[in-house]
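In this document, chain identifiers A, B, C and D correspond to the written order of the chains, with residue numbering beginning at 1 in each.
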Amino acid sequence: MHSEINQMSIKFLSRSSNEAFARQAVAAFAAQLDPTIEEINDIKTAVSEAVTNCIVHAYRETTGYITVSAKLFDDGEIRIVVRDKGCGIADIQQARQPMFTTGDAGRSGMGFTIMESFMDRLRVRSREGIGTQVTMTKRIAARFGTR
Amino acid sequence: MHSEINQMSIKFLSRSSNEAFARQAVAAFAAQLDPTIEEINDIKTAVSEAVTNCIVHAYRETTGYITVSAKLFDDGEIRIVVRDKGCGIADIQQARQPMFTTGDAGRSGMGFTIMESFMDRLRVRSREGIGTQVTMTKRIAARFGTR
Amino acid sequence: MKCSHKRERCGIVIRFHGELGHHEAAQCVEYLEKTMTLYPTEPIFLDLSGLTFMDSSGIAVVLGAQRNVLGAGQSFCVIGTPPTAMRIFQASGICRRVTFLPALPQTEGEEDDLCTAK
Amino acid sequence: MKCSHKRERCGIVIRFHGELGHHEAAQCVEYLEKTMTLYPTEPIFLDLSGLTFMDSSGIAVVLGAQRNVLGAGQSFCVIGTPPTAMRIFQASGICRRVTFLPALPQTEGEEDDLCTAK
């Protein structure tokens, strides 16, 4: 079985002061799946990476809207989509390589690698000049038969 | 001066399991104004009352979307708008009376009274069959010259 | 939200931990009713000191519990209410009908124990 | 995010408390640089035990700090890294270039102190 049980979306300006808001909001929503502290941290980390990318790369010289939506499924899966209407990515395969970055010294090029290793699945879709959409899923294991 | 410095909105299904998400998300956003723990709690409480009203009253027999948006201003004000497309309120003045409720035994009729006393200002607009919009503002005092 | 209870000298203490909003209220009411059925002849103390959040849903939870306990001829009392939750009870005026105490009343036995322990 | 530092026998310990993401990274870098300027002739220990969250922004913060300290001819070491932050450092491979220790190394003086205290 894999049917949707809940959903939400948040929309906010690409200011770095909103990064904490975004990861905490997703964590508060994901809490319904009764995750462990480590699972919640994995989700916060992945969301933080994806949202930071929108702020730092997609809207590098400008400010725009970022949308984060999340769905919960009855098998304990959470699916998170982070979307921007920024500059887009020319070569996604290259962008996903560990250590590849077009950012400044503050960027390590490890964002996608960390999203991949902290979540179960990562899909990146992007079109130059249109925007980028990052979809991440993670299955939260049932505990004490709570589901 | 009173100009907007940041904004966000969240949209979610009218399930009671989303109440905690809504108040925590607003609290995470409001944290940027460096509020005291008490101020954050006031905001969480007011949001909780307004969102519960959408779930319990607006979409009493159904499920619908609830939107919570928030704006921050440079004088430390936060303005929160909670919106539903539910049944609406026939008589707003009556609805705002302490202890007035059309709900079951679990409702005390104190929701609007608490929103009023925990926030600085409360405005309710509603049309039967169209929906309800609750606007609440609160000024967060500057501390240690952080603003 | 977690509910628990334990027997003290003065009666049964029921404790709520975490956030109490509309979503959690049903669970609290159920736990209260179950526990009162288990101990129908004991005074009930509702300990709210573990609440990290409460909205107006808490009002009906407390009033309902008091109605049941008094109906069974026992005494009912709320203890350890955090200041923010207290503001909600105060706004609602139920403080005129429900007894709120800072902590469990010290029973004579306990005072003795304390003396011996010293 | 809060930054603080104090002098220990073994050198200067700089401590980060709270969440470290991209937004907070600039503040951390600034604090590190300011503190290194104050103590240019001391070994630097970066204590991450107070971090409740860290994303990949922490990698560049640590690498930049190490570059500056080593450049000034001093030693640099990260201590108390929480397990979740450690997973990020491990994924990035910087553990091969930066020294991570569970806690401050015990200096001989301190061992003496401990003995005397006993």
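Following the convention adopted for this analysis, a contact is a pair of C-beta atoms (placed from the backbone, for glycine too) under 8 Å apart; a residue touches a chain by one contact, two chains touch by 3 or more.
From a predicted model like this one, the values you see are computed outputs, not experimental measurements.
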**Complete:** Of all chains, the one whose CA centroid lies most distant from that of chain B is D
**Fill in**
Rounded to the nearest Å, the gap separating the Cα centres of chain A and chain C is 42
**Request:** Between chain C and chain D, tell me the centre distance in angstrom, where each centre is the average of that chain's C-alpha atoms.
**Result:** 47
**Prompt:** Roughly how many whole angstrom separate the Cα centroids of chain A and chain D?
**Reply:** 28
**Request:** Indicate the whole-number Å distance between the mean C-alpha point of chain B and the mean C-alpha point of chain D.
**Result:** 42
**Prompt:** Which chain B residues touch at least two other chains?
**Reply:** 17, 20
**Prompt:** Listing for chain C: what residues touch at least two other chains?
**Reply:** none
**All touching chain pairs, where touch follows the definition stated at the start** = A-B, A-D, B-C
**Complete:** The answer for chain A against chain D in the complex is residues 16-17, 19-20, 23, 38, 41-42, 44-45, 48-49, 52, 55-56, 98, 105-108, 110-111, 113-114, 117-118
**Request:** Spell out the part of chain D that touches chain A in their complex, as residue ranges.
**Result:** 19, 21-23, 25-26, 29, 53-57, 59-61, 63-64, 84, 87-88, 91-93
**Prompt:** Within the complex, which stretch of chain B touches chain A?
**Reply:** 6-13, 15, 17-18, 20-21, 24-25, 28-29, 31-32
